[in-house]
Amino acid sequence: MLNRTTRTRWATAVGATLALALGACGGDEPEQASTDEPIVVGISLPLTGDFSEPGKGVQRGYEAWAKITNDKGGLLGRTIELKVLDDQSNADRVVADYEQLIGSDQVDIVVGPFSTRLVVPAARVAEEYGMLFVEPAGAAAEVFQQGFKNLFYAAPAVANDHYNHLAEHLLALPPGQRPTTAAYAAMDDPFAQGTAYGLKAKLEAGGVKTVVDEVYPPNTTDFSSIAAKIATSKADMVVGGSQYQDGVNLIVALQQLNYQPKLAAFSTAPTSPEFAAAIGNKTAGILSPTGYTQDAPYESNKEFVEKYTAQFGSPPEEDEANAYTTGQVVAAAITAAGCAEQGECQKKLVDWVRANKVDTVVGPLSWDETGKPQGAHMIQQWVGGEIKIVLPADAKEADLVYPKPAW
Amino acid sequence: MPSASERLLTPTRAAGGVALLAFAAVALAYPSIAPNPYLLSVGIVVLNYAVLSTSWNFVGGFTGYISLGHGALAGLGAYGTGLLVTKAGLPSFVALAAAAVMVAVLAVPLGYAALRVRGASFVIVSIALVLVTLLVFQSWASFTGGSRGLNVPRPFPGLLRPEHHRVFFYLFLALLAVALLVWWLIDRSRFGLGLKAIREDEDKAEALGTPTFAYKLVVFVVSAFFTGLAGGLYALWFGDLDPIFQFSILTGSYMVLMALLGGVRNLFGPLVGALLVGSALEYFKVEFGNTPLHLVATGVLLALVVLFMPDGVLPALGALFRRFSPTTDSSIREVTAAELAAQRTGGDLHAQSRNG
Amino acid sequence: MPSGALLFQSVILGLLLGGLYALLAAGLTLYFGIMRVVMIAHSAFLILAAYLAWWSHTELGIDPLLSMVVTVPLFFGCGVLLQRLLLARLRAVTLTMMSVLLTFAIAVVIEGLLGYVFSGTQRRIQLGYGAASLELLGARIAVVKLIAFGLAGVALASLYLVMKKTTFGWALRATIQHRDAAKLVGIDTDRVAGYGFGLGLATAAVGGTALSLDTTIYPSLHWHWIGPLMAIIVVGGLGSVPGAAAAAMVLGLAQSLLQIELGTTWAQTVFYIALFLTLAVRPQGFFGGRLAQRF
Amino acid sequence: MRSLETVELTKAFGGNVVLDKTSVSFRHGKVNALIGPNGSGKTTFFNCVTGMIRPDSGRVTYGGTDITRRTPHVIARAGLGRTFQLCRVFPRMTVLDNVLAATRPHGVNLFRGARGRAEVDRARDWLTRLGIEHLAGAEARNLSWGQQKLLELAGVLMSEPETVLLDEPAGGVNPALLDRIGGLVRDLNAEGRTFVIVEHNMDLVMSISDHIVVFDRGRPIAEGPPSVIRTDERVLGAYLGV
């Protein structure tokens, strides 16, 4: 009689080998790129999962850039072709995706994904393969502390500098008018928290006392406790380091408690087109930093807004603009260096970007050694049901209202 | 007689031996065959899955206790290794070993809470473990880096990326071999027999004098140790850790799915499951890339396995193989299964009529 | 030291939250009592109900509360089918473990489908009375939270009446206590188990509607709920509905108060600490459940 | 004299008192039987004695040692082996492994083989004695009901118990097998093993027992040798509900 378990075990081994063999055969063959072919730009984006909404915005921005560039004859006489992979908002995947794009698909250029969490691992892959890595979304300070030499952030300012104009303005007020206490609530996310903490650091240095300092996880849906803390502290001003929905929820929760600060600043959320409706139009005086407006006077922006609107039916938002900016930076480098492929060319591209200033839809951009852009965000305020630029003074559409009216 | 047949070379066993050798040969040669670093890195990810689900199978396969929280143990191994390297300055592989030991030590109180009572509480604790580690590692940002992530320095800073992949492919392969060897040793030991008895009928095993709680705890600790090693090795390979990916409930559920699909009673079940699920995940991604339907596909696959194939594909394949093999062993049955069922019902009815 | 006003405000919020936890934990307890099933998909159905409420409000313009007219019977039916068609197929020996996997799979499928149909965007109902509040002894209570609490209270009370006052409730309790004995006295335990599941899932429909009134929903939100709920049913003693309700109120209150000092993230760990301590010290729970011991 | 005793053992499920201050003492070295109408608490009594259920109050002693609330495996290793009411074997393990699973665990060596020569020989001896040695390689779930009952017994005997508690050994088995089990109990008893048997088959009980305890509503109402019990009116009353 045969021993059953042993036999099953051997049968197991057969299956395992077959499966491994199949797995080994499943890969794509690398394609050889020649210079007559299109410039393939590889991107991994979070099209599903936690970051899928902004991820899709970034995708539209890239698509608009490719179309607008190709309609004008492409770069170096070659057309732009995007190769987009979905990383499911997952860092494991984003790394695998860039491995695939660079190693297997042999793309000519890679550009960045969305969200700081994904930018850092992705940038490491690009760095180790010596690829230029311009990215639209890694705004947190950490991105620039990793020692990356090939990374450039294609936006006016990193998260911590978003409120610089507001901080300057507040600290310049006469002592009697200056807010004395501030409450901060920030999402536990490098970008969102960075915005609030950037302002916090500057105000604390200027003598504004922090009375509430709350950090909440990204999945928080119930803001009543945080709101209760802020409301009972009666802080002069409240600062929310928010993405979209958490900002809305926090504002509603604060309004439920009838908290009336002299100043309320929230990142990201107030610039969204759905914001006013989402909080029942009680927007009076809410501030927000922004890196992009459709009305920005820069030359390429008019073209972008016009053609983007024609392509997608609605004007671009910040995510779209950042992706477009990324494309503009890469395009400028390719045109100047006269090449776009893996290998030696990438070094030329990196050197060019580091040494030059690029005109984009968000204004002229230049970078320091770490790839950090050197600028600040504009500050917008909801005035009379509309959001308007109030700072800096030379770009303002309206005056900053402080103390803000009741919401 | 089984004792005699263990030394016999039958066609089935010979075929199995050839298959095992072939698998080992393909695996060893893979880094040279793989056409590009990307496929090599895919190979590492699959091997990592295989090590994880084999480690899971120490608990799941032997005792039948299903843990959905092994993802957290792997995450603890990864963060433990990363923190020991960055904060304590330990050499990479010393940190890896130390972190795995720490995960194993942590498994003692966890197992104490989870295994003292039967069934449900183990699953509940395992899920809670993922959720609580996620909270702690996100919130304790000053220590873990929180959502900013933790960067683990490479153990071999001089290596180019493809070389780095190649080295880690072999490291993962070696870890897989060790995990399989230990599983195999336990499978044929007195300890393993006690564990399987627990899986079959825990009351009965205890009534026969098996210290069930101690056995379950020990094997849980062993399982945690290997899971921690796999997580730590992954950290050294991958480099960037982020709580929401390290402490994800999906990681744990993939381990279960892989082991279950391959067959939890088989040494190579989790490995086969890892190869199948690894390719399936890749396929789902290609097929349903832009939608969350890959979640649906994963869920449906898990439900189908649970409902229709709880023993996995390997036993099914084994049965198929046996059908074509010359020897049959139906002679041991004195009654058919149908008769047996009838007798059972009869017995039950008998008992019930007395109850009435 | 936090101010008295903040403490009082937190107590109110804790009680309001605890009410919702109590309702949801009651459903989870019911499944466990009937079949020793840990129903991981409970909170996924909760989110599904919240999405249906949100959808009917934004697309059809009807008040989210009215969506219950459809969702409650619908979920009841789903519960019956779930029990009869899927869970009843599992082998009794491995039921506890396999049912966890099966309900886990269902949760993942629901999450995936929600993401597919409604996308991963966070959603929130915009009600006219969304920011309205009442004042009570210096504390402010949002009207929507009060409605949610009221819903939970009414649903719990009805559940109690069904269990205690109806023939079906009697049969259900008998089935929970001793299935074989219930069979012997002529109860069709399979059917009762199915209806019991339906009842449990109906609580998820009510809970989901209550949830949708005041919080943001997104497909993977259910993980955020299932952890605390599982902790509650263990602390309350697996299988005990009053135990679960009591544990829900205590832990909800504890979470709300701990938030003052520790912040939201750390305050959530109170559930898991309570869970581990309960299992290590008193596995049968603190509020009188007795099913946990040997199942 | 080592014997199994309980003192005021009490167990209630909800409001239902199953064991009511039950004090019983079994005879060492004899075949004891525990009988009583259904629901009289016999199986609960077994479960309390072997640690499967925690009694609410009262004590269990074995050979003078208090074993109340000890875990089942400790009680098993103290020398009390048991079978279950509806026969329980390890269905997906071979017959041989079923028996080997009852050997004493070896200390700390996790990897020590399960199939040491001495253990296998002893296991095969028991299988031979129970007449199922030819099934050693089969999976237990493929055995007939009767064969499974014999296998369960072989497993219990492998654990070398001094006292064997049998819960309905005759349940669902055919008359021929019944005789075999009866004979086996007598033989094993002659070799020095104590038995406590819960059984409904009165012919079997009367033919093999030395000492009988009768339970009704969780209390012993009579005890003595078969000849006495056979004629005890309280026993008849309890059984017939008179």
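Read from first to last, the chains carry the letters A, B, C and D; within each, the first residue is number 1.
Keep in mind that, in the parts below, a residue touches a chain if its C-beta (ideal position, glycine included) is under 8 Å from a C-beta of that chain, and two chains touch if they have at least 3 such contacts.
For each chain, UniProt lists the protein as follows: A = Branched-chain amino acid ABC transporter substrate-binding protein; B, C = Branched-chain amino acid ABC transporter permease; D = ABC transporter ATP-binding protein.
It should be emphasised that the depicted structure is a prediction, and the values quoted were computed from it without experimental measurement.
When C-beta pairs in contact are tallied for each pair of chains, A-B comes out on top. Here B is the chain whose Cα centre lies closest to the centre of all protein Cα atoms.
We define each chain's centre as the mean of its Cα atoms; on that basis chain C and chain D are separated by 44 Å. In this assembly, the C-alpha centroid of chain A lies 37 Å from the C-alpha centroid of chain B.
Centroid to centroid, with C-alpha atoms defining each point, chain A and chain D lie 71 Å apart.
Remark: chain B and chain D have CA centroids separated by 38 Å (rounded to whole angstrom). Shared interface positions of chain C, i.e. residues touching 2 or more other chains, are given as 115, 120, 223, 263, 265, 293-294.
Counting only residues that touch two or more partner chains, chain A has 1, 3-4, 48-50, 188, 215, 217.
The set of chain B residues that touch two or more partner chains comprises 1-2, 135, 138-139, 291-292, 294, 329, 332, 355.
Those residues of chain B that touch chain A in the complex are listed here as 1-2, 5-6, 10, 12-13, 15-17, 19-20, 22-23, 26-27, 30, 33-39, 41-43, 45-46, 135, 138-139, 141, 146-149, 151, 160-162, 238-240, 242, 244-245, 262-263, 266-269, 271-272, 275-276, 278-279, 282, 285, 289-292, 294, 313-315, 317-318, 321-322, 325, 327, 329, 332. By the touch rule above, chain B contacts chain D in their complex via residues 1-3, 185-186, 188-194, 196-197, 200-201, 203-213, 215, 218, 222, 265, 329, 332-335, 337, 339-340, 343-344, 346-348, 350-351, 354-355. Interface residues of chain C facing chain B in the complex, by the touch rule stated above, are 32, 36, 38, 40, 86, 89-91, 94, 96-98, 100-102, 104-109, 111-113, 115-116, 120, 180, 184, 219, 223, 226-227, 230-231, 234, 238, 263, 265-266, 268-269, 271-272, 275-276, 279-280, 283, 292-295. Considering their complex, residues 3, 5-6, 9-10, 13, 17, 115, 119-122, 124, 126, 128, 130-133, 140, 142, 145, 214-218, 220-221, 223-224, 256, 259-260, 263-265, 267 of chain C touch chain A.
The touching residues of chain A, when paired with chain C in their complex, are 48-50, 52-53, 188, 214-217, 219-222, 224-226, 228-229, 231-232, 244-246, 248-249, 252-253, 255-258, 277-280, 282.
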